[in-house]
Every structure is written in structure tokens, then in C-alpha cells.
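In the two assemblies presented below, chain A is common to both, partnered first by chain B and then by chain C.
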Partner chain A sequence: MKSLLGFVVAAVVLSAVAFMLGSYQTDIYRKLLLWTTLALSYNFLFGIAGQVAFSHFTFYGIGAYAILILLFQVGLPLPLAVLAGIALCVVLALVVAIPATRLEGFYLALATLAFAQLFIVVLNEGRTVTGAAGGLANYRLPDVFGVRVTGPWYTVVIVLLLLGTLAVLWRLDRSWFGRACRAVRDNPEAARAMGVDVARTKIIAYTITSAMAGVAGMVYAFVDNTVNPPIFGLPNSFLLLFMVIVGGSGRHAGAIIGAALLYLMPFVLSPLIGHHHALVFGVVMVAVVLFQPKGLIGLWDALMARRRAA
Partner chain B sequence: MNDFLELVVGATASGCIYGLVALSYLLVTRPTGIINFAVGEWSMVAAFGGFMLLSRWELPYPVGMLVVVAAMFGVGWATERFTVRPLVERGAPPLAPILALLGMLVVFRELVSLGFGPDPQPVPPSFGFGRLELGPLAGSYQSFFIITMAGAVFGAAWWFFERTLAGKSFEAVAIDRRAAALMGINLRLVTSLAFAASAGVAGLAGLLVAPNVSAHYLMGLPLAIQGFTALVIGGVGRVEGALLGGLILAFAEQFTVRYAPVPPGLAMGVPLVLLIVFLLIRPTGLLLPREARA
Partner chain C sequence: MSAGSAGPPQASSHRSAQREGTRVNTAPLLVARGLTKTFGGLLAVDRLDLEVHAGEVLGVIGPNGAGKSTTFSMIAGALAPTAGGLEFDGASLIGLPTHAMAARGIMRTFQHNKPFASMSVRDNVMVGMHTGFTGSLWSVLGATRGAARAERDAVRRADELVAFVGLGEWRDADVETLSFGQGRLLEIARALAARPRLLMFDEPAAGLTPAECDRLGEIIRQIAGQGIAVLLIEHDMRFLMALADRVVVLNFGHKIAQGTPAEVRADPSVVSAYLGDLGAAAHA
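For the complex of A and B:
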């Protein structure tokens, strides 16, 4: 009950912010919310289920492209297109996960890396379906029950997406399934001995989080009203991984901190170092792995522990 | 037929480059279990070293090459010393050094882009631009030079691992770290040397491929992926596997581009499909590691 109240307060506050921003800040705010959503679901996949996959941002792209193709080329109405898009993400995630989660450790990363690169190749060669290198543009969100959702109201949709994602992951994390995921991450043999179906746990975790990334992608498609292959390339996949690690993998709060920090950092740094903020990302990443393996949230924990001791 | 043989020479040369990058992965992975994605960036750094020494300062080719490869040994050693060793000594989970090296990948790339800008820079080939015909086989001087150098490196690596005591100690570490340490093998030294040699080999590959693709700050990741695909095809257990995997990959790639009726853009997907297929069907690669002998 208390957590429900927390979600309602968060929804009201985050939505209220949307009505106070100019168009430039709105763009930054929306993307911050989307990155946070992605970091949260990737945190579940990487931090809690322990799968190093580079395909998360690819499913974001699959969701974005799928909703556009289903709406404007297949001609489905919006609710059906959303359902079909989710179904497509689930099917693709299963196709990747069922064979790939058998792979040990870093081999999963490589298989998903190849899958991510293959997606870019397909986008570039998709002719009029994917718009090739130029991508898709010149479209807008169809009316929902005769209402045009634009401006701050679309930002509210993104807020609800973020909180919905967080709520689902929160519940999952605290269920038997979340504990099974952590057990599989820490020690698969012991988990198996305790009766956890390791393969099935991995596949379900991968599929749920990938479908969540796909839904976020569907929402993203109407933020810029244009999608093209470079957006969904490897640099952003790496950035997502860095966000989760810098913030503190395995912790929801860590994912939120990491996403906010790394997404906003370029805006602060650009006046100082131009567009070389990727160098800072790399340095921060190495520094965190070396000196603060629990991420920035670990610093907070240490501070709290010291205050309690004092 | 001439066209075919020319393609064979070109594909063999590319295969040798992929094989060298694969060997660079293998040198680190065998004794430590670490997959180092930054090998592609090492090649990139060496290509820019080649640009500085050979194009800008116009040093003679052998001198420039020696200096670049020697400097890359240093880069590899330093990378291990400052990003991997602290983690290993702290007993961090096996994923930690891999992630630290992934961060280093970005650091290397952005440092080079900061220093040299985003434009491609020329690196000269060893014997100038020209065509060599050996009977029916014809190709550029550089292609034959690449094949010769790769042959020498793989010959040396094979001799080192199969015929010398130091090489056997690497193999021992690969088979069982703890047992090797108990036998008095210096794990630290083996790891340092593995990283240094790995960077040297990756650097050589970068220097050799640079005349064809120019030195560019984004050239690393494609090489890293191709090299890795070669490694997975050939198998992580044996030096010969790296070369075999590189050759299979290069031939599959270039023959698809030349003969298969698919658009060239889709042909870029061939190595990726090959990687996925091998990971799923035969993740151990074609050549299996030798069993530990009593």
C-alpha cells in the first residue's frame, strides 16, 4: 500500500514537471525518462539475472521500427499494432534466447553482439520497408480514441511507461523469480540443486526484459518522429551497459542514478570539452570497475552505514 | 580463372589479418580466460603509430614497424598492469576485467580521435604500391607481405607453444591455473607477457591492414568482431585454429561478395551469421585443444 502511494506521488510529480518545460527541455526530459526506463530493464537482465547481452538496445530499435511498420505499412489500428509489436519482440527474444542462453559467460555477449550488428545490416538493406540508411520519418502518432496526444501529455505517457516498467521489475525482483535469477547469476549449479530450472529462468528473464525494451522503443518512435539505423548502433548499447555499471548493477536506484548521470553529463561537459564526452564515459567506467565495483549507489550505502554506526 | 586466383590471394591476405587479431585474443584468453575486446583498438593505435612514423616522419619501413610493435608491447603491458592486475589481485569476479577492458576500448578510441581528428590518415605499404605475379597467382605487394608476415608470426607462435619450456608454461596455466602456480610458474609474469604479446600481434595486424583501409579511429571494432569470429570458428584452444578461422571467414566473406547474388550490403552480414551459427552449433570451434598429457 505504501509503495502504491509512492508510485502515485512519483507519477504526479514527474508528470507535473512535464508541464513546466520549454520545448528544448522537454526533449531532454523525455529522453532522460526513456534512458532511465531502458537502464532499469537492462539492470534486471545484466545486474540481477547476470546476462551480459548487447541486444537490449536492439530490441528498443525493433520495437520502434515494428510499431511504425505495423501502423503505416500494414495499416493496423494503434492498439493492435502495439500488441503485435510486443508479440514480435517476444518471439524474436525467444528465438535469440533459447539457443543463446545455453552459452556460457561472455559467449552470450558475442552472440547478442552479432545479432545487434545484424539488425543494423537488415535496417540498411530493408529498402522501403525500413527506409534503408535514411530511416523512417514524416509520420505522427495516430489519434487515440479521437484524441491527439501531444506536448506534455505525451511526456506523461513516457512517465507512465517508466513507472510501469519500474513497478513490474520491482514485483519481479521481490518474487520467487527474482530470487531464482539472482541464484542463477551467482551460482548456477547451486541454483539447479535447489530445484531452479536454470535454462528456463534465463530465457524468461531475457524475454521479459527484451519485450520491455521493445515497448520503450515503441514510445520512443513518436518522440523524435524519425528513426534511423545509427540511433540503434553499438555505441548506445555500450552506453547502456556503462550506465548500469556506473550506477551500481543489480540495484534499481543504481540504474536510475547511472542513467541520469551519463545521460546528463554531455550537456554539462560539452562547453568544456566539446563532443569528446565519450572519453569521460570510458574513464568513468574503468574507474568505477577498478575502485567502486558496487557503483555509485555503493558510495551512498557506505555513507548510510557510517551514519548508522555513528 | 585469373580473377578467381586474384581473389584467392586477396582473401588469403585478409584471412591472415583476421587470423592475427584472433591470435591476439587467444594469447590473452588461453592463460587468463579474459576476452579482451580492446584488441581492435590496439590495432587502431598501431595504425596511427604507423601514420606518425612512416607517413609523417618518413622512417624506413622496417625501423618504423619495429618501433610500432615494440611500443605496442609496452601498451599491452601497461594495460594489464593498471586495469587487469588490480582486479585479479583483489579477487574480483571474472567479468570485472572484461568490463574494465571494454571501458579501455572507449578510452583508446576517444584518445586517438582527440589527437588525430575524425579523418582517415594514410599509412604506406611496405614495398610501395605494385603488383606481383608468382606464376598464376597475382596480387598487390602488400598482400604477399601480409601473408609472409602472418606466416612468420604463426610459425613463431607454434614453435614457442610446442617446442619451448616457456611456451609449455603458458599451456600449463591455460589448463589449470592453480596447479601451474603450485608447480612454480609465475602467474603474474605469464599474464603480463600474454598481454604484451597480444598487443604486439594486434598492433602488427593494424599496421599491415592500414594501407588498405587507412588509419581511422573507428577501424578497431570491425577488426575486433572479425578477429573474434575467426577465433570462434577455429577454436580458442589452438594457435593454428586462429589462422584457420581467419582464412575460412575471409574466403566466405569475399566469395559471397564476388559470386553470390545478394546485394553487397547484405554480404556484410555473412561474418555475423557465421559467428552466430558457430556459437550455437560448435562453440568449441573446429580445432579442439590438446588434452593435457601425462
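For the complex of A and C:
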């Protein structure tokens, strides 16, 4: 009950913000919410389930392209297109995950990198279906039950996406499934001895989080109203990884902090130091990895612990 | 919790009833017949027969390289036997994946503690309850009343188990803050969480202080007292002899003797193969 109230308050506050912003700020705000959503689900995959996968941003792209192709080329109505898009993400996630569960660490990273690169190749070679290098543009969100969802109201959709994602991950994390995921990450052999089916747990974690990234991608498709291959390239996959590490992997709050910090940093720093903001980014990354492996949330924990002790 | 009281909180009354009456009359829970393991040309375990009954502590001893650990791994499902049969409660265990053992009621501890390092003591124990959660992922996502109740019950039982092994004060602690001996106790609580019918200990006394050994012995006795079958593989002769109801002695992969601790101690082949050396060392 208490957590439900928290979600309602968060929904109201985050939505209210949407109605106070100009168009430039709206764009930044929407992308901040989307990055946070992605960082949350990637945190479950990387931080909690311990899978070093670079395919998360790819599924974001698959979701975005899938919804557009299904709506405007296949001609499905919106609800069906969403369901079919989710189904596609689930199938592709299984195709990647089932052979990949045999791989660990470095090799899983390589396999998912290859998948991510393959996606970019498919986008570029997809002719009119994917729009090739130019991508897809000149479309708009179909009316939902006769209502045109635009402006701040579309931002509210993104807020609900973020909170829905958080709610699902929160529940999963505090269940036998979340414990099994952490157990598999910490010690697969001991997890097996506890009756955890390690391969199955990995596949489910990968598939659920990848499908969630796909759904976020569907929402993203109507933010810029254009999608093209460079958006879904590797730089953003790595940025996502950095967000989770800087914030504190394995923690929802860490993912939120990391996404906010790394996404907003260029906007704050660019006016002050121009392109040198990339240097600051690099220094922050190295400093966190070296001195604060538990991320910024770990710093916060230490602060709180000291306060309690005092 | 005082050491002498209830024992593992999850043991049900009908299991304790199995301890009534003589063991000879009850069917063995675990039966190994002709269990054999070869590694290339090396015969690690040779046609081993072994039975464990509910409520008894069966000790397996032998010098280094006797095949104790190989035997343990085969029964725990971590190593496939080259030949032989392995039955638990009448059903074959051969070919079952390791993770299927827990659901059958077979749990183990690790000689080198293998905690889930990033989790609290309580959460570690709750991972042990994995097979006890029967609700689907959908019921988790839907936050059904059943899922919430299962979670609450699990927390309560985890706290009971943590208290039973004497880690009550540390239940919210990170496992990394535990001592080695406490880590061993956590292994036991985690294994008990699955409501095992057979609990296998892989050299549980290794690395413990004498006081911790005494406490461990007490806990193992209470576990067996609740009708759980205990298979104990141990290097520490004194610890095992004081604890086991029956002892199987291995040497170079062969069973060279079995019986009560007293019988085994008096067995000349054991004395020459194993105890003799140890005895001589102890007197030196």
C-alpha cells in the first residue's frame, strides 16, 4: 500500500513537470525519462542478473523500428502492433539468450556485441522496410481510441512507462526470482545446489529485460518522430553500461542516479567548457571504477551509515 | 534459541516419527549400488555400496585420495557416475541435473563456503527456499495475495533458521562480514531452508575452531534427530566418530570397512590402512 502511494505521488509529480516545460526542455525531459527507464531494466540484466550483455540498446531499437513497420507497413492497429512488437522482442531475445546462456562474461559480451552490430547492418540494408541509412520519418502516433496524444500528454505516457518498468522490476527483484538472479550472479554452483535452474533463470532475466527495452523503444519512436541506424549504435549501448556502473550496479536508485547524471552532464557542462565535457565524463568514469566500485549509491550508503553511527 | 530446544524449525512431526523403531526395519532413503567413477585410467571410486536411512548420521572417512569427495559429488549430482545405481526414496537419481536434487529433497553444504556474497544472511537462506516457491512469475508480477503470503512466510522461516544455527544477530548483515565459522553455519541454514530429507555435509569441521566444532556437532545431531538423513564426509576423525551412527571407510576408492564407530575402530584393516597411521601420529 505504501509503495503504491509512492508510485501515485511520483506519477503525479513527474507528470506535472511535463506541463511546465517549453519544447526544448520537454525534449530533454522525455529523453531523461527514457534513459532512466532503460537504465533501470539494464540494471536488472547487468547489475542484478550479472549478464554483461550489449544488446539492451539494440532491443530499444528493435522495439522502435518494429512498432513503425507494424503500424505503417503491415498496417496493424496500434494495440495489435504493440503486442506483436513485444512478441517479436521476446522471440529475438530467446534466440539470443538460449545459445548465449552457455557463455559467460567476456563471451556473452562478444556474442551480444555481434548481435548489436548485426542489427545495424540489417537496418542499413533494409531498403524501404527500414529506410536504410536514412531511417524512417514523416509519421505520427495514430490516435488512441480517437484521442490524439501529443505534447505534455505524451510525456505522461513516458512517465507511466518509467514507473511501470520500475514497478515490474521492483516486484521481480523482491521475489524468489530476483533472489535466484542474484544467486546465479554471485555463485552459479551454489545457486544450482539450492535448486535454481541457472540456464532458465538467465534466459528469463534476459528475455524480460530485453522485452522491456523493446517497449521503451516503441514509446521512443514517437518522441523524435524519426528513427535511423546511428541512434542505435554501440556508443549508446556503452553509455547505458556506464550509467549503471556510475550509479551503482544492482540498485534501482543507482540506475536512476547514473542515468540522470550522465545524460544531463553534457547539457550542464557544454555551455561552460564546450566539448571538453567528454573529458569530464571520462574522468568521472575512471574515478568511479577505481575508487567507488559500488557507484554513487554506494557513496550515499556510506554517508547514511556514518550518520547512523554518529 | 537455546541449543537443546526444538531443532530445525521446518522438520515435520511425521519425520521425527520415522526415528522411532529400529533403523534396520526402515527402508533406506538413499541407496548407492556399485557406484563407480573413473577419471581416464584412474579408478577414483570402485563399486561402492552405500545406504543412508532417515534420521541417521552416516559418516564417510578415508585418507586423502580415498574417493570421499568424488562419492559426495556423485550423490550431489555434480558429477556423473561412470557406472552404478543411485536411488533416492525408490527413484533413480542418475542423469538428473544438479538443480533437480533440491526439489527431490537432497541438499548439501560446501567445504569451502559458497555464500551469495552480495546478499544478506537472510536472503542467502531464502535462496535455499527456491524450490519451495510454487507461485509463477505472473503471480509475482501481479502481486497476488498468495505471492505476498509466500514471501512473508519465507522471511519468517528464514529468520527461524538463522536463529537455529545461532546467527540471529547477523540476519541483516552482509555475508562478507561473517567469520569462516559463521559462514559454515549459514551454509547449514541455507541447506535446511529447502526442507531436505537428506543433508550432505562436505567436511563441515574443516577450518573450524574446537568450540565451533562442538556447536556444529550439536546442530548436526539435532538435524538427524528430526528425521533428516545426514551424510557426513569428514577428515576430522574425532569429530566424525563422536557424531556418526554408522561409518563407511574408504581407501583408494574401495570400501574397506563399515559399521558403528566402535566396530570400525576395532577393524584391523582400518587400523592398518588409516587409523594406524593417524594413531601413530597422534601419539608422536
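Definition applied: the second predicted complex is superposed on the first by the 304 of 310 C-alpha atoms of A that agree within 3 Å, B and C clash if a C-alpha of one lies under 4 Å from a C-alpha of the other, contacts with A are read in each partner's own complex, and residues count from 1 in each chain.
As a convention for this text, a contact is a pair of C-beta atoms (placed from the backbone, for glycine too) under 8 Å apart; a residue touches a chain by one contact, two chains touch by 3 or more.
Being a predicted model, the structure only gives us computed values, none of them experimental.
K.L.:
Following the superposition defined at the top, how do chain B and chain C come out on chain A, clash or fit?
P.N.:
Overlaying the two complexes on chain A (C-alpha atoms) leaves chain C and chain B fitting together cleanly.
K.L.:
Where does A:A253 make contact in the superposed view: on chain B (first), on chain C (second), on both, or on neither?
P.N.:
A:A253: touches no partner chain.
K.L.:
Nearest 10 degrees is fine: what angle do the Cα centroids of chain B and chain C make about that of chain A?
P.N.:
80
K.L.:
Going by the contact rule set out at the top, does A:L269 touch chain B (first), chain C (second), both, or neither?
P.N.:
A:L269 sits against neither chain B nor chain C.
K.L.:
Touching A:F238, do we find chain B (first), chain C (second), both, or neither?
P.N.:
In the superposition, A:F238 contacts chain B only.
K.L.:
After the superposition on A, what does A:A10 contact: first (chain B), second (chain C), both or neither?
P.N.:
Touch partners of A:A10: none, neither chain B nor chain C.
K.L.:
Touching A:F281, do we find chain B (first), chain C (second), both, or neither?
P.N.:
first
K.L.:
I'd like to know which partner A:L94 touches here: chain B for first, chain C for second, both or neither.
P.N.:
neither
K.L.:
May I ask you to decide whether A:L21 touches chain B, chain C, both, or neither, giving the answer as first, second, both or neither?
P.N.:
It touches nothing on chain B or chain C.
K.L.:
Please tell me which partner, chain B or chain C, touches more residues of chain A.
P.N.:
The partner with more contacted residues on chain A is B.
K.L.:
Once the structures are superposed on A, label A:R171 by its partner contacts, choosing first (chain B), second (chain C), both or neither.
P.N.:
A:R171 sits against chain C, while chain B stays out of touch.
K.L.:
Shortest C-alpha to C-alpha distance from chain B to chain C once the two structures are superposed, in angstrom?
P.N.:
So the smallest C-alpha gap separating chain B from chain C comes to 11 Å.
K.L.:
For chain B, which residues are in contact with chain A within the complex?
P.N.:
Going by the criterion above, the answer is residues 35, 83, 86-87, 92, 94-96, 98-100, 102-107, 109-111, 113-114, 221, 225, 228-229, 232, 263, 265-266, 268-269, 272-273, 275-276, 279-280, 283.
K.L.:
Quick one: which bits of chain C touch chain A in the complex? Just the residue numbers, please.
P.N.:
76, 78, 97-103, 107-108, 110, 114-119, 123, 126-131, 133, 137, 140-141, 143, 147, 151, 154, 190, 194
K.L.:
Can you name the residues of chain A that touch chain B in the complex?
P.N.:
Checking each residue of chain A against chain B gives 52, 99-100, 103, 105-107, 110-111, 113-115, 117-118, 121-122, 124-125, 234, 238, 241-242, 245, 276, 278-279, 281-283, 285-286, 289-290, 293.
K.L.:
Tell me, which parts of chain A touch chain C in their complex?
P.N.:
Per the touch definition, chain A meets chain C at residues 168, 171-172, 174-177, 179-180, 182-183, 185-187, 189-198, 204, 250.
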